[in-house]
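Input: a single structure, listed below in structure tokens.
By written order: A, B, C and D. Residues from 1 in each chain.
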Amino acid sequence: MFSVRTDLAVEAKEFYEEKNKGKLSGVEVKETNDGDIKITSVKILNDVGERIMSKPVGTYVTIDVPKLTYYDGEAMDRLSAVLGKTLMKMIKFDDSMTALVVGLGNWNITPDSLGPKVISKLMITRHLKQLVPDKIDERIRPVCAIAPGVLGITGIETSEIIKGVVNKVKPNLIICIDALASRKLDRVNSTIQIGDTGISPGSGIGNRRMEISQKTLNVPVIALGVPTVVDAATMASDTIDMVLSSMIKQSKTGGQFYNMLKSVDRNEKFEMIREILEPYGANLMVTPKEVDMVMDSISKIVACGINIALQPRLDLEDINKFLN
Amino acid sequence: MFSVRTDLAVEAKEFYEEKNKGKLSGVEVKETNDGDIKITSVKILNDVGERIMSKPVGTYVTIDVPKLTYYDGEAMDRLSAVLGKTLMKMIKFDDSMTALVVGLGNWNITPDSLGPKVISKLMITRHLKQLVPDKIDERIRPVCAIAPGVLGITGIETSEIIKGVVNKVKPNLIICIDALASRKLDRVNSTIQIGDTGISPGSGIGNRRMEISQKTLNVPVIALGVPTVVDAATMASDTIDMVLSSMIKQSKTGGQFYNMLKSVDRNEKFEMIREILEPYGANLMVTPKEVDMVMDSISKIVACGINIALQPRLDLEDINKFLN
Amino acid sequence: MFSVRTDLAVEAKEFYEEKNKGKLSGVEVKETNDGDIKITSVKILNDVGERIMSKPVGTYVTIDVPKLTYYDGEAMDRLSAVLGKTLMKMIKFDDSMTALVVGLGNWNITPDSLGPKVISKLMITRHLKQLVPDKIDERIRPVCAIAPGVLGITGIETSEIIKGVVNKVKPNLIICIDALASRKLDRVNSTIQIGDTGISPGSGIGNRRMEISQKTLNVPVIALGVPTVVDAATMASDTIDMVLSSMIKQSKTGGQFYNMLKSVDRNEKFEMIREILEPYGANLMVTPKEVDMVMDSISKIVACGINIALQPRLDLEDINKFLN
Amino acid sequence: MFSVRTDLAVEAKEFYEEKNKGKLSGVEVKETNDGDIKITSVKILNDVGERIMSKPVGTYVTIDVPKLTYYDGEAMDRLSAVLGKTLMKMIKFDDSMTALVVGLGNWNITPDSLGPKVISKLMITRHLKQLVPDKIDERIRPVCAIAPGVLGITGIETSEIIKGVVNKVKPNLIICIDALASRKLDRVNSTIQIGDTGISPGSGIGNRRMEISQKTLNVPVIALGVPTVVDAATMASDTIDMVLSSMIKQSKTGGQFYNMLKSVDRNEKFEMIREILEPYGANLMVTPKEVDMVMDSISKIVACGINIALQPRLDLEDINKFLN
């Protein structure tokens, strides 16, 4: 059966509620606000929730800003602080442990470059703890990072590269950063999702092929994603829905026409979407025009939030001093 | 009345033929081949042709490559040579004249940055002819260039900036480079259009608001464009057509359903497209993923073709020596 | 006579004081602090000051930050506020006037791209005041901008392009943004200079050839510059001074050797610098490695400061809303 | 003892010959020409050669172009062909073997980004051989690649990341791409060096800390480097030498002054260089201005040469078809 895939738990929830007009079961949703920032926690509790949401049991927190404020340094700092706090609650990490941050995605494709961009803005300390332990503030925790690239560029499954590095580095926590596809343009570049179940196959812009999770790596994996493109299949699907419902409205209830329209089933729809998008290749990307300009701001916000969460014994001033 | 806008004369022609299943009148089309490169010349002869094509009387030459070969230097050189030859035929330019090349578009938005990118690869000589005339090979013609930016970034109509510069520089020929929107993804980054009627309002990715032509500038204006994005409205329109025709096929000819579907008129369709795209804002862009990587190659090909056309008394070796 | 050129008034002052061990005359210097930000105002009062400083009579304010904090949004905002206040004091600009901001420099060379980068982050309003006056908040002032490029890329004197645009736009104030060369690496990317005398020939990384000032344009011209590279000639000159003084220290005062070293005059030194740098071409650039990464932050700070100064009737929130 | 470090064997040779005015022993040098391309092979034969050249026993081939021709596709293709031929002679690689190409360097610092840039232009096939073996031309050999980043960004020794990946991928050949520092600006971006002894600690712009070689990885390692910056220490050293020799010329042979100048020894000189560069930090970089523009061309040439060498059973057309 065809289903519009979404990387965001809040979208999976919306999508389900739209189609089923009922309450979710096996899923617990909580919303809080921190100023104008909305924080939604979606907990998938059991296999009923798993099936409904097409996501494994676990916690998915979404941080929404009314409008991401690329020009407002103070607002960016505030968002980083909320992200840091949220991450800190989710991870169990102490001073003796080493964190490995993995920046997934393709650095040559702007909207897929979030992961690599975040990596270059992190407070990286593991090598200093090893090379010059005496010169390093003891409150600083060891953090390291990689940007493994994507299968098409490396010819190696991303998860294999991560495994190889994990075997050498032996981290106690992994945080994976990824650019996602959203169903709605207004979520693009204005939502951050953090989950504690790692990365599933097929998610992300680059469609990872293999799982990156505690199950496969024997280390807890936090996944942090920001939608940076709109899914082209979703846009086509929404177009078709709109055409159908517009015609349904125009026809008499119960008439031949009405029934025919109502009977257009998911398989047919899937066929149409395939037909529409095939000439465009797998290669299509729908982005807001300013994508080149905003990736820097978002990667700064995310990197700063991670720095706060991984270095709780430093204040922001110490972290900034270190980075400059 | 709604009509799907296209910047390409070949697409306007295809579109008309599709809808009208008849021959074009007032338009002359000629196709030739240079190896695997197809050259199509569309001449709009009179006001009948103008109305049909929504483009002014003039000549529009399209150069098509089966597949733009970003990695094949020899093929790129060959394409530049064909472009150079085509341009040379279209322009009347001698050694005493000055050419001004205008690189339209927004350098911050990758697929709209073709113009500014071409500018930085041109053989620019006007200042040398003025400052160090004795040191400059006398076969070299004076060429200058500007990248005026877009209205949203400058707050000044592009055509006003060009007029201001034209008043100072007093060129005898203007060549405007622009990134265009195509109706078909397979034309993106693989077609070059050259026209002798300048730039019309509403064309280009940035939707120029004012005409840039001999009429407005008192200097002949050649327009050179390459489609680098797919028009989102076109994609939506194609989707709707496909849904309708798929349902028409399923229904009996002459039945109530069939007639209803047939009667969906252009205005309704236009309304639907508006509804679909509005939530996405004016801001939407559909591009092939590799766009960041190909713009450099295309701008090189275009710049090289212009260099060849404007400096016919130099061979490629001289031009390359100058540029390096 | 040879003199190490500097774009910064504070450096001209330091340089003079170093060489002459005396007080400056014809120059008034005032230092204040705003938190950890140091603001130095250098006023050149008369032609004595002009000769000493190699800069025209006028006011030059330098804003120094101990360390530019690319990762600290709050500190960036604070710096923008100080810059905004400083600019506001210097300009006479009211609601009915139009400002034109000119982003000098070459967008293809990272450390010279400050001007064009600032332009794309400004609050541009002139076109909206003209096109949709009713929809635009009346407190908003008309601002427009251009990035005219550099002579080597355009073949047109930058000042000619500006004149052409000024003739069309008729602004009441011009602000020119430029990347500068500093004598000291620790000033690079951590100093902002604002002057009310426009841009002199030979200043900036690209070595402007013609003056851009009230004298040439009939409009007041504020010049805002940030040093983003170290001058290679300065680095060579400093090296030679160090070698000489190190050997002078080792030789007996009054001895033949001592006298010889003392007698190395400026012309000889100039010859040596020429000899050292010539094989490297005019093309050499000494930059901190992270230059690619910091230009975005600096351009944001500068753009934000200008937005504050040009739109005093809006608060930061309004400006940010407009930009997003 | 202080010695100016160079990554290029031809420079080590020149440097030795300059200082010692004698012939090298333990080193075999051969020069050939392929059109205007000069190919120099430096073979270090034994430990005498090792000591003199500060490089391990092995073969170092340098490919020089009179002027790298960024705008001349045909010349670029020719250079790639020469590079391909040279590489092919050096590697022992058959159809059953897997090659891993490692793109060293920091993708955020333009002149250090050669490695990562080359990686994204390679013909990557290993995953296709594994995932869709039937659909893949049997003449295609398995190639994969990684860009491991630099210690400052990852916190992990580059060699450790490579080891981790090598353990998973088990390649039969490794090719390491690296950006180098040259002693002479005219070698920058116009020389390619290929060596069969891997990468030594301290080489490259980023100063690798650990060896990447057959000894450490149990796989043959070919190192391919292009100088993209000038060493700042070298520039300072050259300046000092020039000052000294200029003064030596002016003084009488055998006089007190002459003798004093002659006696400035290497340690003193080293001290001076340290003093000159220290205020600039480790962070200094001397590059030609156009660096942002040329990296794309060089990475294309290098990637194309590697594609030719690793896929000898395909012609260029097949390779280009694959890449597009």
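Just so it is clear, a contact is a pair of C-beta atoms (placed from the backbone, for glycine too) under 8 Å apart; a residue touches a chain by one contact, two chains touch by 3 or more.
By chain, with names taken from UniProt: A, B, C, D = Germination protease.
Values in this document were obtained by computation on a predicted structure and should not be read as measured data.
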Exercise for review: Report same or different for the subunit A (Germination protease) and subunit B (Germination protease) interface, where same means the shared residue numbers exceed half of all residue numbers found there.
Suggested key: same
Revision key, fill the gap. Contact-pair count is greater, between A-C and B-C, for B-C
Check your understanding: How far is the middle of subunit A (Germination protease) from the middle of subunit C (Germination protease), if each middle is the mean of its Cα atoms, in Å?
Key -> 41
Practice item. Mind checking the centre-to-centre distance between subunit A (Germination protease) and subunit B (Germination protease)? Centres are C-alpha means, answer in whole Å. Key: 37
Point to revise | Residues of subunit C (Germination protease) engaged with two or more neighbouring chains | key: 108, 120, 293
Exercise for review: Can you check the complex and tell me which residues of subunit C (Germination protease) touch subunit B (Germination protease)?
Suggested key: 107-108, 116, 119-120, 124-128, 142-149, 151-157, 160-161, 163-169
Practice item. Could you please specify the touching residues of subunit B (Germination protease) with respect to subunit D (Germination protease) in the complex? Key: 67-77, 120-121, 293, 296, 300, 304, 316-317, 319-321, 323-324
Review point. Which subunit D (Germination protease) residues qualify as touching subunit C (Germination protease) in the complex?
Key: 108-110, 112, 184-186, 230, 232, 235-236, 238-240, 242-244, 246-247, 250-251, 255-257, 260-261, 264, 268, 272, 275-276, 279-281, 283-290, 292-293
